[in-house]
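There are two complexes below, and they share chain A, which is joined by chain B in the first and by chain C in the second.
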Partner chain A sequence: LSLAAPPKEPVLMCRSNNYPKGFYCSWHLPTPTYIPNSFNISVIHGTKDMVCEKDAVPKNRCHIRYLQLFSTVKYKVTLTVTNALGKNFTTLTFDEFAIVKPDPPESVVAKPVPNNPRRLEVSWQNPSSWPDPESFPLKFFLRYRPLILDQWQHVELSDGTSHTITDAYAGKEYIIQVAAKDNDIGTWSDWSVAVHATPWTEEPKHLTTEAQITETTSASTSSFMAPPTTKICDKGAVVGSGAMAVCWTAGLVVAAYSVLFI
Partner chain B sequence: STGDSWGIFTFLCAALCNLPALPALNCSEELGAGQSIQQTYDLTRYLEHQLRTLAGTYLNYLGPPFNEPDFNPPRLARAERVPSATVDLDLWRGLTDNARLAANYRAYSRLLCYLRVLDGQVGTAELRHRLAHFCASLQGLVLSIGGVMSSLGYPLPAGPAGPPAPPGAPAAPNDFLKKMDDFWLLKELQTWLWRSAKDFNRLKKKVPPAVVTLRLEARGF
Partner chain C sequence: MAAADSPSAALRRRDLCSRGIRLAGKMRADVVDLLDAYVEQQGLDASASVAAVEGVPLAAVERWDEQTGTQRLLENLAAYRAFRALLAQMLEEQREQLGEADAGLGRALAAVLLQVSAFAYHLEELLRLESRGIPGEEGDGPPPPPRLSLFEQKLRGLGVLRELAQWAVRSVRDLRQLAKPSSATGAAPGLAESP
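Let's turn to the complex of A and B:
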């Protein structure tokens, strides 16, 4: 049996992920009261009262449009929570610039670079909630590490939505994330969804037809028996006659080695 | 000696406050406009960084409540002398390049004058040193903005908007209000530097095509 309780001091957070359009505030109670609560939010800017429009979804969230930009006067947000047994409140005071925090970058993609065993090409997009990247450009922070290590490498990028990693360990699977920040104000976004990628490897993982024939006719237990996937000789991964030449060459090399081991 | 330096600074302030429009530089200067805008942008970022240290030191010198992070006083009428960066969003977006640059030029010219007044009055040597360094950098910014305007063929604003305030007048009636004036001066300076970063971002994107157009016109196309 849970006892109904008056509300504890609520937790309030305000953030501008769509600068310069406005900001939103969201709140919750640290512990349940087990009876219905009502929330009232007030926003004061200097001498002006502003209306924070409640969002339908999610609940416990409201948003405000900026009427003026580059304000020297702070915003003061007060959240009051009331139920049958009592009330409580909390206040946040902040400058327009202090609460700017974009959403993480979207559509992060990492791909190996053909014929480059130490490179990975990463690209991403501005968060769709950021309304005006032309006038309010974002800068980005990329972090990456091989799965087998704990230490992250970091790169800060002030321009563009792509980057080529050039110091990846050959053949190791990498985990990569990107964060965004307004170029001049506010704080870094949370990290994006992580993507995984492994740099291109030279060793063919699938044997070509020639090599397979050589394999079956030789007595050797070849160390060239293929692990499942390949990066160069897969039909899908390879385009153009140049790459096919690589496939055949690799096949011939494998065949040659197999012969040596008879 | 420091006395001579202050004399020179005061003279420079007076000169800047009454600067006539510089003659427009010839068309070959337009090539550098894009780069000058980048340099001006970089200067605003540098100044913003410098101001953080200066403001911290200065507000501690003023003492409580001015150095409290939550200090949020109402804006008194007398504080309106300091040019405000605050602007309606659509208005800001719609500013022409000329108006955008001119607003920055006027604001920093005025703010520089007020800072010089402050410079003459502060107590500690450390503060005087920091203020002097900051004023020199701020003067560099004003000149840099002026350079961009001239290279784009815009006339420099005749002087700070409104009648130039003679140093120290109208004086605050008491010590607390004087400190309030100082507080708002630093606040407006900080806000202007944040705004300028955005102003120059916008200019960076827009200027190159205009430069090409101007050059073609100059050649009689």
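Let's turn to the complex of A and C:
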């Protein structure tokens, strides 16, 4: 039996992931009340009331269009929640630049570079929610590490949507992520979905015509060349954008090459 | 002078815009540092709201994306000319108040003033490139305001620096718009009009 309760102070968050079009605010209650609640949101910019249009889905979100840009006047957002047993509210005050946070980069791809045992080529796309990357360019932060180590390497990139890692450990599987930020204002996005890749390694010549070892690997790029007759999927590229691709390669895999060189 | 739409003019415009973007970016970084130092040394609350001060050009703009290139240049130029005068006044007040006691803040103010002057000149170059006349400075701005109290001076200084930081961001965006290959400065407003 759950007892109905008045609402506790709601949790409110506002963010602009589509600057300079506008921003959205979303909210939730920290603990359930077990009875219906109604939410009312008000947005004031200086002395001007602004309309926060509620989204159909999700229900606990609304969005505001910017009527002005580059204003030093702060926005004040007040969310009031009411139910049969009481009401509560919370207020957020912020300026235009502070809440700008893009969505993570999309379509991150990492692949080995043929004949380069220490390189990985990484590319990605601007988040599709960012409306005008030409006028409001994003910069990017890339982090990568071999799976066997905990420490990340970081690279900040002020332009372009690709980067070649040149100091990868040969033969080691890497995990790679990218984040984005408006070039001039706001904060970094969350990290993108992680992608995995292993640098190219030279194929052992004495095994090319003999072994029939099947390699299975989950969400990782194999640098080994599979015999054409048994190739099932493209070697080398793994795309991660909300899902990890599983690449099965029937062919030559030498167990010795999975020995870790440290 | 090459026609405003000739290939060489387009290249020159892109070059000036790129350099202007770098200037504005550096200026913004220095203004933000200066703002932090100013708030601390003047004993102000960084989150204090400052009402719009007469004579301080507001960066806020409606329908920013609909502005023509000429409008952008003229509004930027008017703003930075105003900031030049305001910063010079702040520097003078700073010297009167503190003499040599706070040379660091004075030097930082002077450095930003220099950047603002350089940026205003840069905007004039862009306007010349577009074969637009440069609006005269005579009579720009209201007459000097009455002498303010020390606290009022500090608050005004805070307002000036905050607005300048916003303008620096806006200028970067404006110059990026101008640098686009498809950008046209658009029909110029009559230059006899005040910007």
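The rule is simple: the second predicted complex is superposed on the first by the 203 of 262 C-alpha atoms of A that agree within 3 Å, B and C clash if a C-alpha of one lies under 4 Å from a C-alpha of the other, contacts with A are read in each partner's own complex, and residues count from 1 in each chain.
In the analysis below, a contact is a pair of C-beta atoms (placed from the backbone, for glycine too) under 8 Å apart; a residue touches a chain by one contact, two chains touch by 3 or more.
Given the structure is predicted, the values throughout are model-derived calculations rather than measurements.
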| item | value |
| --- | --- |
| Fit or clash between chain C and chain B when superposed on chain A | clash |
| Chain B versus chain C as contact partner of A:T72, first or second or both or neither | both |
| Between chain B and chain C, more extensive residue contact with chain A | B |
| Partner chain in contact with A:P32 - chain B first, chain C second, else both or neither | neither |
| First, second, both or neither for A:T47, with chain B first and chain C second | first |
| First (chain B), second (chain C), both or neither touched by A:E134 | both |
| Which of chain B and chain C A:P20 touches, first, second, both or neither | both |
| Chain A residues contacted in one complex by chain B, in the other by chain C | 20, 67-74, 97, 134-137, 184-185 |
| Sites on chain A touched by chain C in the complex | 20, 67-74, 97, 134-137, 184-185 |
| Of chain A, residues touching chain B in the complex | 20, 46-47, 66-74, 76, 93, 97, 134-137, 183-185 |
| Residues of chain B that touch chain A when the two form their complex | 45, 48, 70, 72, 74-75, 84-89, 92-93, 184, 187-188, 190-192, 194-195, 197-198, 201-202, 205 |
| Chain C to chain A touching residues, read off their complex | 25, 28, 49, 58-62, 64-65, 162-163, 166-167, 169-170, 172-173, 176-177, 180 |
